[in-house]
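Structure first, then comments.
Chain nomenclature is as follows: A, B, C, D, E and F, assigned in order of appearance, with residue numbering initiated at 1 for each chain independently.
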């Protein structure tokens, strides 16, 4: 956020040419991995993320089992070559926090009580990063959970809004994130309009926040449709409908 | 110890004005924490330490349980801001050694055989450091154990002696420790006059050592009275005597 | 390998005066440690390695037990002072890989099925290093296993060949390894002529590789005789033959 | 097992109270517990503050030391925020490397200060690309009866005020205080069965289905948000929580923080 | 327990097939599964390749950054190879620091490139003893259906080709590509009950008593060998495996790699 | 469980002997086991010593390398002492990061050398604030039959004698030996049911209620003390143990160490 100054909006348009309320191009592929129980590849502009789901399977160590419901594990990880300066392999504080909030974004929709004592494991690998990787990861993970046949109340969809050159806009790219004034990722259960992740970074006036929240929720609704379409496509191809 | 030269005794007096056999001002508060089973805040000059005791409670992992007696855990930790140059969080070799010798200083007075298979956990946080933190920590821990109702044969009291400008003196402060010739912390069970911790750093002639040992034991006796007084005050306030 | 240029063969002879197919001097002592169940000190030129064997004993944690056979653990470790530039204590990637391939070199000869659920632990300490420490460690470990009375199909013997100044030679020393063109350690079960470890580093023509393999196998046979002789000597001394 | 039962009983107790419009300590839903702020208790730290909110106690220390800037911001000082949930402070905390709760605590406090541009990091450059001042905020929990984050954030901003940069101690020439441009205050609003209440204690925290920490500034703007908890929140609920957060922050700022 | 039984049944199935001269997917013993090589998928890496062999997928990225040389080779660039067996790629992989399998994978790929002197490290010196180019090869496994090492090695050498050294990005003057002098290719030959077969899938890997990875070069020389597995191999078997390895590498090189 | 019973039987055996004025190996209470000191076995170390006391064997190596001084002592060399209780040396030792026993061993040996100012650290400054000689003492245990600390301390001081500082090896001009000003010797006195005995073996160590390690110098002064064990010691006992420690150190120094 806020490194130096750069003009992000010229003649009323974003540098990328996108409208203020326009998402980056999205590409979703379901079931891209063979070994995983469910998987999804998700592209959001220049972000490339892949999610795999394993489970429900036995929880190790048993010490961490929950007698009433499945425990969801979520690991967000960046490939060393996914960023400008090579990232040292292994978790850091940022990735640990993202893993935690992402897990909590998905927890509410998973019917965890059906699988006591087990673990449902979600692994997200960021292969290329361009701002918004946590939202791309959650979107991928949500579809991968469905692909794995994990019973869910609904999908979760995620996107960020931000503020650049004084304007509240949808889905910041890396340049907008680095030189912008605020970034606010959310995750939402589209059917119930409930927010399961909300973070904010930077500075927003109250009105901007409220406007941004609506804008992000709209973005989530669009992504939700794309997620559903990708699942339908996968399962209609496989000849067992959706 | 021994970094450069500095006059620590001028005209027969220590820089702080203290006598050779004089302790720094001591302040003891019992039961300062709500969540802990027992606690104590201990000030020794510019040292500020706080101890908490939890237990006896189940020992994890079970592998480390002792079938005959409680296991005492002791963790000495310095707050990052407690020293001149910020200390990186987490244990280092010094703190691990201090934790070990402090635990052994307290072990002999705890009636561990009453609580087989359990853990009695002692946590000491050094909030401000000015030489003598391990002794302050043991003094605090000993009172916190009593406050937690852990059955004990007696309290343990602890203080260091040192040698500065050729003189054996009680209870070195940081300047005296840095530029002095020796530092010798002890811990003692006052009622039985038995020493449960003895370490030495620097160089002492045999006579100096013997004199220092007596001096430190006397220091421990004074601290013992203050520890008892603090406990009495706490429990008489609470209306259940001492 | 290949740091700069240096003449390693002068007038048809190696710098050390050794012949192309000549091992460095070897010294083997069996049963050199009191606490270990079996042990062996092995010198190969300027390499000094010592191996200890403990077990079969209970496997911790139980999670790692194998219901059908003993699990072999192998830890190759270098003393910090064993190399030119002090090595930081603790395992690194090189030592972890060597531990793994060494364990696999020994696995085939140990009658692991006789001791289900147990661990057989092999510890190798390199006290002085001069190229070939993994082979010295395996030779020491193999004898230490025998000394510990672990039932084995046969001993395992190990040596490297390499290529220096275009020639394939046996058992590189450090200078030859640093400035040579290839290094290929093997381990062999002499009685059955089966190779249980094979690695290669550098570049060898196919014919050189095949010639080197034969040369290394011959080297192993020589070492095998020395290993047996050392065990015989130990046990005939003890008056219970071999 | 036994613990889970006790946990359930405790939660039910909280639910009962809340549904009757009450809290265990008699507070209103929008009342903080008593707050005590004590400054400069630690003479080794450039700034330090003990914050007590009810029975929750946090000690925050700020150290300022010279160091190397990050390669991509060669002319800016460095801010590092760290939190230790030391096992002294709660039977639930364990020894070991920082877990996700302590990482979250540190990062939320950090973002509040960073997002509001509270510290003028450019004023902390000593020599571009070579040497800058590093500001370490260390959050040391002493007693956890809930709502650590509001206590920690208040301790952090209080500790940052009136800091003399220790030029002399490090053999540097210069004289300056740390430039502080805002006073972000964190307020955590918990949602328990549709009711909103601020400053949850530890029992309320475990009963809360959701919490939202709102960090807001002198001008009423928001410089940090963090939702935690295991269910969703509606837009209306979030907006209400944010309004409460901003309003309570204003009250706390007026009472415990100087004007900038 | 149950898992061990399933494992045994799976192995028996492989043995039955092999002894009848067959493989589950109908391949010949000396056939690779289909190989797909895609270059430059990752715009943050100087070079990157996705290699798919059957259902095995590996993504390799190469980053080139300035750094400090090792004290004993002050005029040489640095090559670092790292592999992560991320738990996404297989139910057998676990989170945590690299285990011995990922260390072995990285080291075998590294040795193949190093032994063949594929990269001209001396050309990567910027300022002797002070600054050199560091080449990081990062192997990211995405789907493990066996034979990761051949896929990773092919991904590594493919990624190294046609790399522009990023002088400008790091404010340095100069313009050059990474000098590549050979194209080492790894071929893993498995021995299952006396039969030799290449490119084992994951079921064959667990049935294999032995594997030998042979890395060979344009001129047919060998620049890396690594035996794995839990029994011994005879000289004859090893020589045969090496011949197969060299021959199959030649085929793969011709099909998937450019002439140097 | 079974192990605890065996442990108790072993202790009882030691108690029986001690109470009859005997030790298992026939030694007097104030006798060391045979000591063998061998120097310079490791050609990669500037100094090295194998010390055997009875069946206890320790190998100590000293490396001297250039490095950066600590900021607060810019004109002084650096002494680092490290001990590894490698699992080779005892069925009780485990792999993994150093535990409290190995940390204590290293720190006690370190303090003995540091407290006596044995090494002239100021003579190890190469360039103030920039480069100094670092002296690494590495204690490698090979066989633990008790009293590692006395063996390690004797190995450390022996290794430090007659060390040539490796100027040439590191491309530096100069020629000097390490300046040694004292020869601290550690003697550990165990108390078992009121009896004092030196050089406890491993069975005696586990039976000992207390141990006191006394490190003393040429002039009879003490430069290190460390009490271990789980009960208390009276003043009289401590004074007696210290006297024994100093006296036995004098004997060991005369027999195994040169005059300084």
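A few notes on this one:
The criterion applied here is as follows: a contact is a pair of C-beta atoms (placed from the backbone, for glycine too) under 8 Å apart; a residue touches a chain by one contact, two chains touch by 3 or more.
The structure presented is a predicted model; accordingly, all values stated were derived computationally and were not measured.
The set of chains in contact with subunit C as well as subunit D is empty.
With every chain reduced to the mean of its CA atoms, the largest distance from subunit F is reached by A. The chain with its CA mean position farthest from that of subunit C is D. Centre to centre, using the average C-alpha position, subunit A and subunit E are separated by 32 Å. For the pair subunit D and subunit E, the distance between mean C-alpha positions equals 48 Å. Our note on geometry: subunit B versus subunit E, Cα centroid distance of 57 Å, whole angstroms. One inter-chain figure worth recording: subunit B and subunit C are separated by 51 Å, centre to centre, where each centre is the mean of the chain's CA atoms.
Touching of two or more other chains is recorded for residues 85 of subunit B. Touching two or more other chains at once are residues 98 of subunit D. Round the ring, from subunit B by way of subunit F, the chains line up as B, F, C, E, A, D.
Chain contact summary for the complex, subunit F toward subunit B: residues 1, 4, 71-73, 98, 100, 103-104, 106-107, 111, 114-117, 212, 217, 219-235, 238-239, 242-243, 246. Residues 1-3, 67-68, 85, 93-94, 96-97, 99-101, 104, 107-108, 182, 184, 188-189, 192-206, 209-210, 213-214, 217 of subunit C are the ones touching subunit E in the complex. Contact residues on subunit E toward subunit A in their complex (touch as defined above): 41-45, 48, 55, 57, 59, 61-63, 65, 82, 84, 86-91, 95, 97-98, 136, 138, 140, 142-145. Remark: subunit B residues 33-36, 46, 48, 50-52, 54, 57, 75, 77, 79-86, 89-90, 121, 123-125, 127-129 touch subunit D in the complex.
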